[in-house]
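As written, the chains take the letters A, B, C and D, and residue 1 is the first residue of each chain.
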Amino acid sequence: MNRVHVIGAAGYAGAETVRLLRRHPHFSLETIESNSGAGEPLADTFAFWRDDDRRFDEPGTGLATLQPGDAVILAGRSGEARETAPKVLAAGARAIDLSDDFRLAEHAGAAVYGFTERYRAAIAHAQLVANPGCYPTSTLLALTPLAPFAGEIVQIVIDAKSGITGAGRNPATASLFAEVDENVRPYGLQGHRHEREIGQELAAAGIAAPFLFTPHVVPLRRGMLTDAYAIFASAPPADAIHAAFRRAYGGSPFVRVLPEERAPSMAAVAYTNDAELNVSVKGNVVRVLSAIDNLGKGAAGQAIQNLNVMYGLPEETALDDLAIAR
Amino acid sequence: MNRVHVIGAAGYAGAETVRLLRRHPHFSLETIESNSGAGEPLADTFAFWRDDDRRFDEPGTGLATLQPGDAVILAGRSGEARETAPKVLAAGARAIDLSDDFRLAEHAGAAVYGFTERYRAAIAHAQLVANPGCYPTSTLLALTPLAPFAGEIVQIVIDAKSGITGAGRNPATASLFAEVDENVRPYGLQGHRHEREIGQELAAAGIAAPFLFTPHVVPLRRGMLTDAYAIFASAPPADAIHAAFRRAYGGSPFVRVLPEERAPSMAAVAYTNDAELNVSVKGNVVRVLSAIDNLGKGAAGQAIQNLNVMYGLPEETALDDLAIAR
Amino acid sequence: MNRVHVIGAAGYAGAETVRLLRRHPHFSLETIESNSGAGEPLADTFAFWRDDDRRFDEPGTGLATLQPGDAVILAGRSGEARETAPKVLAAGARAIDLSDDFRLAEHAGAAVYGFTERYRAAIAHAQLVANPGCYPTSTLLALTPLAPFAGEIVQIVIDAKSGITGAGRNPATASLFAEVDENVRPYGLQGHRHEREIGQELAAAGIAAPFLFTPHVVPLRRGMLTDAYAIFASAPPADAIHAAFRRAYGGSPFVRVLPEERAPSMAAVAYTNDAELNVSVKGNVVRVLSAIDNLGKGAAGQAIQNLNVMYGLPEETALDDLAIAR
Amino acid sequence: MNRVHVIGAAGYAGAETVRLLRRHPHFSLETIESNSGAGEPLADTFAFWRDDDRRFDEPGTGLATLQPGDAVILAGRSGEARETAPKVLAAGARAIDLSDDFRLAEHAGAAVYGFTERYRAAIAHAQLVANPGCYPTSTLLALTPLAPFAGEIVQIVIDAKSGITGAGRNPATASLFAEVDENVRPYGLQGHRHEREIGQELAAAGIAAPFLFTPHVVPLRRGMLTDAYAIFASAPPADAIHAAFRRAYGGSPFVRVLPEERAPSMAAVAYTNDAELNVSVKGNVVRVLSAIDNLGKGAAGQAIQNLNVMYGLPEETALDDLAIAR
């Protein structure tokens, strides 16, 4: 039994992390820490913790009670982990950061980028993991298997649709029910902060073609669907493309490459760490549809997946929730 | 052509007021004032004002440009109208306040309570109208026609369901999409600020029975359905009840008393100033279902209705929008 | 390891039953049968079964392969179980019927009414269980603890709000997204088929006061909130009421009686078999708010709870899913 | 005052047509005809017609009462208009068909394709107008202004998001609330029936580049957002692109080309005949975001716009509804 601390636990990604850890057979939840919720009953914030009187710990509790070998999930706002993570490492504990503080190479230091399907080996030995963003995760799942054909790609178009929990639990007018409901809102039309993360990791995979990324908020809570279009001068044969995806995800328990006639569905991955891909060649375009739960494989689920890898546990541990029927 | 100023225009009730006034044939929109939006393009806030470059006026513009005979709609937060309204009146203008600043008799001063169906005559001559809350409006529409039978009522139960725009456009965690969606949330279980307003007006109508009021937030933007149950020692005959409702609303263009087999529907009144009532006698209970749009008859619509009455215009002026099919 | 068959598995309650059974440690899913889906891949209907090629069995498969000691969940339409259940029993198997075929005493025969919290002992030995409806379940959870005070109740008012999955998966115009969205729809205003079931079980508990039941569809998938108001000539002391609820649910792992200041929430019980109650005395009214998942404790969850009781397993087996954070 | 008949009035597009015509100052609604609703009160189907007892006319009423010069809106299912339209024309009346019966050149006969912004002159004299589909309308609004640069386009990618009313009011499992809610569903992955219509009209505009069209259902009632990406070998200068859009829509009252930093919004066009476009050049991609209401400019709104053109009325007549604030 290992000890784990969640810092920034009242946000949506933090809450989902706590939910997954509450049933994790190999970790005990030592600290559940929140700036905004400190001292309040968990039951007032967590729908899944209504059965006892436990309260949010005060800020600082995790660091104060840290022991060597502990795990810390940093789920606070951008900038906070740059202060906290070094202290965690100094105490001999290991950390996974859900913010973008360590994702870009120029800030990463010794952090390993936590795209599990690609960096498993390095993650296993990492002291600090920079957990990927939801848009990068769904995009990289869709595009990195195309690396063998990268030289022929002339342009990439990424059209992504995200549930509103991706915007976090901070009160903001744009996230109000009355603003989100009955609307689809494209945003970041003049540049989105996730573009550099996507670009870095596509390049790391050897894909250097220019890409255009357009994110949209859709009126639902959890889910992300990314339609990735790779435009070729002359598209590779469909067989070769399908084979590349089979190779890429053969050993990955969470990635389902669907038969071409079956559409991926947000509903089929919601509340899980699963991803669904649909791959087809349409003239000179390779189209890949990629569905994840933005709080699952796009945040907390992948964090637990990385935690399992770091501690030598089977990757699926505590991640076997079934999707909800309806 | 009269002049009208809207102060606090960026909130949901303020916005709906501006929308209705934009097409009002007898009023010109002189001031569209907002603390939070000052200087910003209306197009960024108002879905219905994307076609020109007009911007929100600075706070104070309305008062500074006021002329005798002008109308002012006060749609700001609680407490603001107590400061502003006296200045409006001093300038010879007339005001309608959408907050609860002047609704309770102890604070009302010369204000007239703006439940149009009951106080038309007084509203016509009022300098200051206290526009009712949405919960009181839907409740009073349901219950005040029972006044002739008030002595026999032993208990009233009011179970109200409201869309989230009733909570306003201020960013609050409880109003976020991810909190409201897929949930019904009862609140105010230990007392709700609208109870005193309801009690005052039931008493004014001669209904002194104790009442219990339970509000709920439902996952939609606009609409309010109030199920009002009057428990009698021995219920009056159904004919007498139905006759009382016909008498009460015979001259009221916005209130539809439905045949007993037809259910009221939020969808049938959404985006209008209409109300729908379904009245039946079930054993010793008279049940009245009352549907309004919380921003229509429950706020901005009733404000324009009152404005029309104050300025001697037909009550329906600018309030003839049709409900949306679907 | 026992064998279980689900007949009528493609509907919403059937699907949720299959989801719960897929991970049940003591049952193997022998038959997954559907009239409408026969021969189709489960993956096309079940979001939680996308990982293999299993298909719906043909109608009749369950009966044809039945063995003594097997369990059968009947989740088909009204009327079907009256034909199927006798054959199940004749084969030495035991059945739980989710329809209303055996709920009313006049049709029940040897069936036991499956309100687990009240009839545990009889359910343990039943060959056939009539699983309660969702409205009766939430209502009985709210009201049966008041039995000791029943003589003083003069009227009961039940105002229930249900997610649309309660209407089933049969295509019906009234269940279309565009009809349900942005609306609250009261229905059954002139009588609802669940009233007799509620009346029968209130009477069985000794509560004979007249009741008025008004159901509403709210725009969400899963959840039911019932506001039950018991009007007394003179209400009992709050202490006595609270004590009665503690007594009623002391040994019931799925029922949480909340502190008076905490509101029940559909979100806190969604996707679980839990129920939340808030009880308070307001003048002469005892108000009980009762939240369940209409497909959980209101259907499939309670069916599995009953299955566990019938087979001598801990009541919580396979029912320990956590609610979803958001 | 002209006479108008609506056939197939109970569907979503038919209903919206009736709503718009109810207030049209130059047309009287002679027939409101429905197969499924015949004889039923309009009030049971139309949220906007709760105030009188008018009922749906029987099938055949429109044809039986037709007079020369009348207008007929055909809003029935695919295939019906091929039977009805010739009879309408034979009676000396003029017709607008909302189905796809006459859209493709091979079936069009004398029908004029009703994309108003492009074919105004021909529509003015048409006896039969084939009203465009919603996907083609939003796509053509986005792409046809690029015709002057068509020779340089190497590939077009069209990623479209539609509200569920586009699927019609026929009960279908895939359109149920519980299926659509909390999901985004790509469909037609192996070909969609609107592709030929899009291809025909792009070709008619001189745009021959290959295109890939991917439609998605999003969980809302009304709205369509199409992200159209034109990939160039070398993109034209942004100034030239913007100038082309200004030229294309200079005289079109319903099309707003937004400043580049303002995102189009489904909410800003919902319940109107408006369209919003955002145009930008991103490397070698010209990206055009196009928002309409699928039942507005995508169906009933454009039908009324065409009706106005056919009868020599100002194009905006009866189409001046304001979008809803929230």
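To be clear about the criterion, a contact is a pair of C-beta atoms (placed from the backbone, for glycine too) under 8 Å apart; a residue touches a chain by one contact, two chains touch by 3 or more.
Everything quoted here is computed from the prediction, not taken from an experiment.
*Asks:* Select the chain at the greatest separation from subunit B, using centres from the mean of Cα atoms.
*Replies:* Centre of mass proxy via C-alpha means gives A as farthest from subunit B.
*Asks:* Please state whether A-B or A-D has more C-beta contact pairs across its interface.
*Replies:* If we tally the C-beta pairs in contact for A-B and A-D, the bigger total goes to A-D.
*Asks:* Roughly how far is subunit A from subunit B, going centre to centre by Cα mean, in whole Å?
*Replies:* 44
*Asks:* Averaging over Cα atoms per chain, report the distance between subunit B and subunit D in Å.
*Replies:* 36
*Asks:* Compute the distance, rounded to whole Å, between the mean C-alpha positions of subunit A and subunit D.
*Replies:* 38
*Asks:* Two or more other chains in contact with one residue: find those residues in subunit D.
*Replies:* Residues 12, 165, 169, 178-179, 181-182, 219-222, 265, 267, 270, 326.
*Asks:* Building nodes from the protein chains and edges from chain pairs that touch, which of line, ring, star, complete or other describes the result?
*Replies:* It is complete, because no pair of chains fails to touch.
*Asks:* Which residues, counting only subunit B, touch subunit D once they are in their complex?
*Replies:* Where subunit B meets subunit D, its residues are 12, 15-16, 18-19, 22-23, 43-44, 46-48, 50-51, 165, 169, 181-182, 221-222, 256, 258, 262, 265, 267-268, 270-271, 274, 276, 295, 320-326.
*Asks:* Which stretch or stretches of subunit D touch subunit C in the complex?
*Replies:* Listed in rising order, the residues are 12, 163-165, 169, 171-173, 175-182, 219-221.
*Asks:* Across the complex, what residues on subunit D touch subunit A?
*Replies:* 154-155, 157, 159, 161, 178-179, 181-187, 189-190, 210, 212, 214, 216, 218-223, 225, 227, 229, 231, 260-261, 263-267, 270, 278, 280, 282-285, 287, 289, 326
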